[in-house]
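Here is the structure we will look at, set down as structure tokens.
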Amino acid sequence: MTITLSAKEVASKIEENFPGSVVESSRDNLVVRGDSLLDVARFLKDTEGLDFDFLNFITAVDYYDHFEVVYLLSSLEHNHCLTVKTRCHDRENPAVPSVISLWQGADFQEREIYDLFGIKFEGHPNMKRIFLWEGFEGYPLRKDFI
Amino acid sequence: MALRTEPFVLNMGPVHPSTHGVFRMRATLDGEVVVDIEPVFGYLHRGIEKLAEQRTYTGTIPLTDRLDYISSMSNNFAYCLAVEKLAGIKVPERAEYIRVIMAELQRIASLLIAVGSFLNDCGAYFTPFLYMFRERERIVDLFEMVSGQRLTYNYMRVGGVSQDLPKEFMPALHKFMNLMPRFLDEYDRLLMQNEILIARAKGVGILTREQAINSSASGPVLRASGVKWDIRKADPYSVYDRFDFDIPAQESGDCYDRYRQRVEEMRQSLRIIQQAMEQLPPGPVRTEVPHLIRPPAGEAYARIECPKGELGFYLVSDNSIAPYRCHIRPPSLLNLTALRDMVRGWKVADLIIIFGSIDITVGEIDR
Amino acid sequence: MATAELDIYHLVKLQAVPPDWPGGFWWHWLFFTVVIIGFVLTMVMGVIYIERRGMGRMQSRLGPNRTGPFGLLQPVADAIKVLLKENIVPTAADKLVHWLAPVVAFAPALMLFAVIPFQNGALLADLNIGILYVVAISSVSTMGIFMAGWGSSNKYSLLGAMRNVAAVVSYEIPLVLAIVGVVLISGSLSLNQMVVAQDIPFILLQPLGFLLFFAAGCAEINRSPFDLMEADSEIVAGFHTEYSGMKFAMFYLVEYAEAVAISAVITTLFLGGWRGPLLPPWLWFVVKVLLVFFAMVWTRTTLPRIRIDQLMAFAWKFLFPMALLNLFITALQVLADWPAELAWAMIIVNIAVMAIIILIWSKFFFRLGGGRIEV
Amino acid sequence: MKFERYGIGIAKGLTVTIRHLLRHPTVNQYPEQRLNISRRFRGNELVWNQEKCTGCGTCAKTCPQGAIEIVTSTDMTENKYVVEKYEVDTGYCINCGLCVESCPYEALYFSHAFECARYRRGELVQGKEDMLETPERKVSGYFYPDKAAKLPKQTLLVEKITEKR
């Protein structure tokens, strides 16, 4: 049975290594600050007990005042999974560090989020639209795009 | 004196006999050797995630039929699981078993197409494809008897299934069950040990274990690379923990192993259906769920082992009648991530086979 | 060998049909030209029908049965449909080469039939170097196919044409060596004499030669497992992607005419052309040609395609050495002057030799390339 | 080709195809031989029962495509709205069946006919009058088991003995 790790204990571990990077950690969601996302992700992937080697999916949700990028990580040997979120409040050009260096699976999903939400992922080699054509202006999945 | 050849770009355009739908690859070739490949998506983008935000929870079910239109029963299943997890709805026993039987029949039908089109890409001139469609026809007949349609079933509802099985379903399923294993054996005799196919597919397009995990591949592609990871065993949903079946896995992760992996999985699905038929309890098939469900605000992610891999629905609800956000984890798109590394250095003919062995449906890639 | 003792005098008496049969030379020429063209076109129609109907039934579907009784007029319907289609020439195409390619490809397929005997002595030109003429002419059609590939300035057809040239060049050698084996036994190059000399069909005396010739022949006209030139799942339709209308009909004709030609050569060389107990000789010839063609349809329905570098490896590393070995053993047998009565022992020896050579060669010597190149 | 099995695999494959020559093909000739479709078939036409329909408009609200257009007059005769206009644009309809399931008065059914192609896009719109039940527009058994019992049994490929394995 896949155990969803409780965000609290993982948050405490992250706090030790990267002070001030966890913005909010309630029972089931763990919100990490945007700029320290990459180190937290590397920490989650490489530490012995956690080793989240499988990235299930990345998606984004538009909550009008901020965007929330949701990562679901899971580990195939320990069979546990964790949801990590990060928020970006700037609506003009939101940016989140790209995790493609850790999980190659993030490649198309980050391009899709950029294409439909407009959230740029720094460090992504091929940051282009994936579904819509280059000349398309506006980002369809935003709540204000009618 | 090295012969100076400069690579040219070959456009395996949206209209190409073996791109399984409107999918385009810009392949840079040096003679016959593939130097680089860049997939181009978006020809079938219908914006299903945006549409889902304007439809009620029940109205989105016909939308999920059109995602991976070759296995729409599994899409319904995943979506209904997600909504039930979000709203905390309990599904009656009989509905659970009917869902398992339908999902496994859909797995066989979808894997039949995957294997049929892979062998057709290898060059066996349509024969395996037509044999496969003859067997798929028997399953689609059963689906038509139950749901009324042959491709977009729209059979499962939040809280169970829309209608109970008709009387003549079980005898027909019994007939199908004792016909199918013999077909799979005949199918092995046709091409499994064929020397030409072995020469063409063995050792071609190898996806190593680490590469598969790192590029979030799932389903037969992941298991063919030697990772024994199947959501029906690792994270059993619905009543899958009551059946005993095993997870086949191959070792080297080349095209031939993916083909063999899919044939093995069909045999395991037959075992599951056999057990599910015996344990099918009587009773209601649907809990009383209001037509316009208003799940409490929150989010939920439910995933199933669909024929292509791990299909998941991430639903965010704000206690209104329509989902606030509905993200679909597309196994076909994520299995394609490693296509570029698998294909570089092989020939044009291998590019087609490797692409065929990943088995994608464009409806699920572009959503 | 028994046949080597037959002197020329005896051979001439055997000929039922005198060389210039219906009157003078010109009558003979006119009669046989009409017969050949009529024969090739009707055989192509029949062969298209057999392929579509046979493949249909093998794929548990019906195959054409709407046009005419049992769908017999389907090839005619195809021809009319293709003739009425618009003749599109791509703008960037090299007009002349594009237009000329089908003709250059079709002419040799037709010319091949000049030396094929329908009945004892009944052939357009009883050349005494018949088989050499066949080999020479059959490689001219590659020019046409390459012109088509280059002329239509389309990347897919260029790939198809390049593959065709590579395949035909490397399969010419096993083809010719297999023929030399037969020539050694029959003692003459003329196809007519070969059939006359076939008291025992050469397929029994030369089983390995037959297999080599069948494989190399299939590769030459890109059928069954070697149909890379117009591999529809990879390079759309190979060299005739950009052809439509009349020109496509010509290429369609070329493909099947060459298939009939190669089957005709196989029947003449190995299955004892027109020789057969009851039926009239020319009917035997037609039945055997259709039988060999059905074998091609059968392999085309079942076997997947092999890759271009495997095609080359198969030609150079498998067929070519086997052909040399076969030639060497046949030469030994001819020198050993085997008595005619013990012919059946010869058959068993040859079949055993074939089995041994294939086993040894495929077990130890034949390695396939890895296929992946560091890019 | 490594022939380590000396072509036996190829030979086995060839026997499978040649054996198919002796078997009965699984196809049937559509216009002449017709199969019975499923009793629950969701044909691409709707059948509407004028008496039972109270004009509540639930079907129009449930349709995900908004293909049903219903206009009722305001006067209530024996607590039923008089339906003036009831149109289904079968061009938009995706045959999902949610309207038939949601109708509280069982006034809406699917039709059992599947040959409803039209030449003009305008003809796809089904008006009020050509949605009533007629002998050739039979009612499909989708969601109504009693109506399904009256329809002919579905022909299944499983039961058609086409080949002995």
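The first chain written gets the first letter, and so on, giving A, B, C and D; residue counts start at 1 in each chain.
What we mean here is this: contacts are C-beta pairs under 8 Å (C-beta built on N, C-alpha and C of every residue); 3 or more make two chains touch, one makes a residue touch a chain.
These numbers come from a predicted model, not from an experiment.
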| item | value |
| --- | --- |
| Centroid comparison with subunit B (C-alpha atoms), farthest chain | C |
| Contact-richer chain pair (by C-beta pairs counted) among C-D and A-B | A-B |
| Distance between the centres, which are taken as Cα means, of subunit D and subunit C, whole angstrom | 52 |
| Computed distance of Cα centres, subunit D from subunit A, in Å | 44 |
| Whole-Å separation of chain centres (CA-atom averages), subunit B against subunit D | 25 |
| Residues of subunit C touching at least two other chains | 58-61, 301-303, 306, 310, 368 |
| Shared-contact residues (touching 2 or more other chains) in subunit D | 1-3, 10, 13, 16-17, 26 |
| For subunit A, residues contacting two or more additional chains | none |
| Chain contact graph, described as a line, ring, star, complete graph or other shape | other |
| All touching chain pairs, where touch follows the definition stated at the start | A-B, B-C, B-D, C-D |
| Residue ranges of subunit B in contact with subunit D within the complex | 55-56, 58-63, 65, 127, 134, 137-138, 141-142, 144-149, 152, 154, 162-163, 166, 168, 172, 175-176, 179, 182-183, 186, 189-199, 291 |
| For the subunit B and subunit C complex, residues of the former touching the latter | 8, 10, 16-18, 30-36, 119-127, 130-131, 134, 190-191, 194, 196-197, 199-200, 203-204, 344-350, 352 |
| Residues on subunit C engaged by subunit B in the complex (per definition of touch) | 55, 58-61, 155-156, 159, 162, 225, 227-228, 231-236, 300-310, 368, 370-375 |
| Contact set on subunit D toward subunit C in their complex | 1-4, 6, 10, 13-14, 16-18, 20-21, 23, 25-27, 29, 162-163 |
| Interfacial residue positions of subunit B with respect to subunit A in the complex | 41-42, 45, 47, 49-50, 211, 213-217, 227, 229, 234-236, 301, 303, 310, 312, 314, 316, 324-325, 327, 329, 333-334, 336-338, 366 |
